[in-house]
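In structure tokens below, several structures.
In the two complexes that follow, subunit A is the common piece, with subunit B as its partner first and subunit C second.
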Partner chain A sequence: MSGSLYVQLLDLTAGLVLVCAFVVLWRRDLAAIIRALAVQGAAVAGVAAVSGAHHRDAEPLVVAAVVFGLKAVAVPAVLRRTVGRGGDTREVTPLVNIPASLVAAAALTLVSYAATTPVVAVAPSPETRTIPIGVAVVLIGLFTLATRRKAITQIVGFLLVDNGIALIAFVATAGVPLVVELGASLDLLLAVLILQVLTVRMRTKTGGLDLDALQELRD
Partner chain B sequence: MTVGDDAVAALQVLVVTGSAPLLVGVTRKVRALLEGRAGASVAQPWRDLRKLFGKERIVPEHASWVFGVAPLVVVSTVSLVAAAVPFVSTRAPLAGVGDLFTVAYLLLVGTVALALAGLDPGTAFGGMGASREMTIAALAEPTVLLAVFALSVPARSSSLARIVAATLAAPHRAVSVESLLAFAAFAVVVVAEAGRLPVDNPATHLELTMVHEAMVLEYAGPDLALVELGAAMRLVVLLGLMASLFAPWGIATTARPAQVALATLAFVAKVGVLGAALAGFEVFVAKLRLFRVPELLAASFVLALLAVTVSFFLA
Partner chain C sequence: MIIAVLAIPIAAAVLAGLLGWRRPVAWTAPLAAAGVTGLGIGIAVHVLDHGPVSALGSLLRADALSAFMVIVIGVVATIAGWYGVGYIDHEVRAGHATAASARLYAVLVELFVAAMLAAVLANNLGVMWVAVEATTIATAFLVGHQRTRASLEASWKYVIIGSVGVALAFLGTVLIYFATRHAPGLTGASLDWTVLVAHAPHLNHGVVRLAAGLLVLGFGTKAGLAPMHTWLPDAHSQAPAPVSALMSGVLLSVAFYALLRYKVIVDAALGPRYMRGLLIVGALLTLAVAASLLLAQRDYKRMLAYSSMEHMGLIALGAAIGGPLAMAAVLLHVLGHGIAKSVVFLGSGELLAAEGTTEIARVRGLLTRRPLVGGAFGLGVLALLGFPPFSLFASELGIARAGYASGLGWAVTAALLMVLVAFAAMFGHCQRMLLGAPEGQAIIHPTAASTAAPLVAGLVLAAALGVTVWPLERLLHAAATVAGGR
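Up next is the complex of A and B:
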């Protein structure tokens, strides 16, 4: 793969990761949020695949396949099942309204670009220049966790944080070892499955997914 | 043999004016076909305009001179933009005008003139439409500037002709992250500024939903024809701006007649395709609630801001 094409593909996939994080904040419909998360997972896998293809290394390609299967197929399917069991399918009243959270996310992105400038300056290359995007996605994920009320959206926020970390790992280390990635992926899958069980239990107990309803203890 | 710069400017104005009602006809036709109707002929908007121009001029009783001047302001500002933006040739005929800030504010002058004209006769609908239009314009305008600004950073100039020439010289820039983000932001703004679905519905006359139509409700005859022509030209100019900035292929860089002719054809084809795509998109979306419009525009503003950030840091 030629140099400029590689840089463009890397920039495009990394940019897609960031845009998907914004779509998660922008949409109210839980199904659309999960779709954005799936696209983001595919884009993260794309980053690994592009860098593997560039360095003519097979291991990142296998990692990319694992990441794609997990983040773009399995986890979204689990979340979709949780939403599909009826009840409310929209994030109706986030704690911070949508235009304000979009502007906050833009500010977080600027902060992450400003904060990671020294890190990028250590070894400037096309890969390290996308590190700010990973940091921004982590921050946006934390913001989602803090300002959304529904259990599903909070799981999505958690997964955004994970996608951001995975992106940084792929671009900063020139290929994550397969064993490490397998371990992290299994952890993530288990966490999502446990969260799904908790969410379903919560719905059977309280009849909804609103975490604000869990503020007091009852018999 | 070469084509003079003034001739190119005149050609651009002629092409925009001539194709504007046809573009409206094309969008209506595409919409009708997708909905399973036969639809009116593509030339129908031209026939409507001819009919309206032939009518008697009627002005509301209490309207002031603003009411009569506004349609002329709209059409003349859009024509000036049509002459200055590098639609056909990058040899900017009106060098000072073909600047990103000038173009954005010239378009805004037309919007403000129409909003004033909506307020002028003192009817309830006109005021409501004007207030809505101003809300949308105030939110959309920073996005227009930011989106084009993202493209002007790599070109190191805010002159639209230079931006287009820079993209033509380095075609790989056209598919970079910043231009994709800027394209998405700009597309939303074009929809908002041109008053299309899901921000405004150009086909409705329902009190609660109309924005642009409410503003121009008092117009009749030749004035209405000018307003409609201005709105159609605005759509062509916005779509043409989008085509020139993000897909500048075919735009002439020299003044040879053959190249200019080819560029004109390319311009008409690009705007036609964009218009048809817009109409196709409109079939699948419902109009957004007015209070949700700021959300959409905030999203596009954020995309434009990201585009600027990325072009600044990745450059």
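Up next is the complex of A and C:
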């Protein structure tokens, strides 16, 4: 792979990761949000694959395959099944409305570029220059968690955080050691499955996916 | 030996999964935990004489600090498992648990213990992170064991906040890994603690600073440090009593152990000031939250959860002070709090089963009506409040003395004021529960000796530790040295 093609592909896939995070904030339809998340997972895997192909290294390709299976196929499938079981399919009442959310996300992106300057400065390269994108996705994920009140959108927020961190891991360090990556992937899959079971229990108990229905525990 | 420590709870989990919940199988939990304690002592003796041991390449490693934590986990798991035998039996007979949910419970508790042991025995910091996240996964369904609306809410908050917090710690881990990749003198990136400690001075300061902040926030979430503590009172009050005992008694400390490991690296890279500042802010904030919410607390299980936060705040303060005296006191505090808090949480489980309420206002005259459980609960609370002869008295004194000696008097004074508020609040609540006049006729309910035995054993152990720590003295000092108490 030639140098400039590599940089273009890297920027393209990393950019796609960020765009998908914005789509998650923009759409109300839960099915569309899950689609955006699946595309984002594929893009994160794409970043790993592109850098693996460029450095002619087999390990990132294995990791890319695992990440694709997990983030682009398995996890979205679990979420789709949860939504598919009837009930509400839209995020109707975010605490911050959609236009304001998008503005906030843009601001968070700027903040992440500012905050990661010292990190990028350690080793300026096409890879490390995409670290701010990862941080922006993490911050948008936290924002989603704080402002969306549906069980599914909270899981999505958690997954945005996770995808952002995965992106940073791939571009900053060409991935963490394989054993750690596999352990972390397994943890993520189990956490999502647990959250799915809890969501199903929530629907049987409260008849919906609204977290505001669960407000018993307070001081 | 290291692998055997991990194999014991995993074997117990397999056994429980295959055979289901039966009386003899139930006893494997405390026996396995006792075995872990024994092996922990064995490792400690070996490490003190021959230095650290490794296993599986450099993935696992035990030094004095790891050995000490294995012993803490083993002791608390023994007490909780011992009580759990009768507890689950009672749940099944009362119809609160089915055979299937009892089996799931037994399997998950063992996996939970195994994950905590893996966290303290990992040399690779990535593996340590995976193990800490695995504790969240193992305990998620344990918190929701009772399947009520409240326990569902608690487990949801626990998993979401816990996973997100720990994800931030993963970002910190990745940044540390990134720093090693660009450190002069290092051939290739590494996450091995030993390598990181050796090369810490060459790590890029800006990156380490950012990573340390994320790590304190992330692992602090699991350790119950403010501001990411909101899951703690819910999860600890909704979980079944033996699980609350394990979560409150050791899981918080295991998460804090992760911070202690990183503190050694960050201190070597940036000097002690940076981490000290972060930990003092975390400690004082946590103490303030705990003290203010203890004041008007109406639920005795939540009261115990906030008391755990108070103690984690003290532990964080001790770690911020650093130095051999403070670190030894911190570790003794971890052990003393683990034992005393598990006794009190188990007692609270017994109270809930007997009284049918967790409201402080509806429990009165315990000492006359249920002398054994009430007495154990009361003595446990006194231990937590720092009364001698229990070891928490000695360790709190040690932390305070070290703080004044190292010029952090203002922080210690502020902390002690908040501890005093917490003390008054808890003392008042418990005094009313134990001595207040009961409504109507006071009927004396005897408690089965088998239920009370683990509580009494825990109290005796906590008191013995307070009277003399000589069997642990060498281990405490060696572990404190590992944790950076030069």
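What we mean here is this: the second predicted complex is superposed on the first by the 215 of 219 C-alpha atoms of A that agree within 3 Å, B and C clash if a C-alpha of one lies under 4 Å from a C-alpha of the other, contacts with A are read in each partner's own complex, and residues count from 1 in each chain.
We adopt the following convention: a contact is a pair of C-beta atoms (placed from the backbone, for glycine too) under 8 Å apart; a residue touches a chain by one contact, two chains touch by 3 or more.
Keep in mind the model is a prediction, meaning the values are calculated, not measured.
Considered on the superposed subunit A, subunit B and subunit C are sterically compatible, since they fit side by side.
By the touch criterion stated above, A:M202 is placed in contact with subunit C alone, subunit B being left untouched.
Looking at the shared chain after the overlay, A:W26 reaches subunit B, while subunit C stays out of its contact range.
Seen from the Cα centre of subunit A, subunit B and subunit C lie 150° apart once the structures are superposed, a value rounded to the nearest 10. Judged by the touch definition given at the top, the superposed model places A:A123 against subunit C, while subunit B stays out of reach. Judged by the number of subunit A residues each one touches, C leads among subunit B and subunit C. With both structures placed on the common chain, the touch criterion links A:G84 to neither subunit B nor subunit C.
Look at A:Y113: by the touch rule set out above, it reaches subunit B but stays clear of subunit C. Between subunit B and subunit C, the smallest C-alpha to C-alpha distance in the superposed model amounts to 19 Å.
Residue ranges on subunit A touching subunit C, taken from their complex, read 115, 118-119, 121-123, 138, 142, 145, 151, 154-155, 157-158, 161-162, 165, 168-169, 172-173, 176-177, 179-180, 183-184, 186-187, 190-191, 194-195, 197-198, 201-202, 205-206, 211, 214-217, 219. Residues 4, 8, 11-12, 14-15, 18-19, 22, 26, 98-99, 102-103, 105-106, 109-110, 113, 129, 132 of subunit A are the ones that touch subunit B when the two sit in their complex.
Touching subunit A in their complex are the following residues of subunit C: 59, 124, 126-127, 129-130, 133-134, 136-137, 140-141, 144, 147, 149-150, 152-157, 159-160, 163-164, 167-168, 170-171, 173-175, 177-179, 181-182, 189, 191, 204, 206-207, 209-210, 233-234, 237-238, 293, 296-297, 302.
Those residues of subunit B whose C-beta lies close enough to touch subunit A in the complex are 172, 175-177, 180-181, 184, 294-295, 298-299, 301-303, 305-306, 309-310, 313-314.
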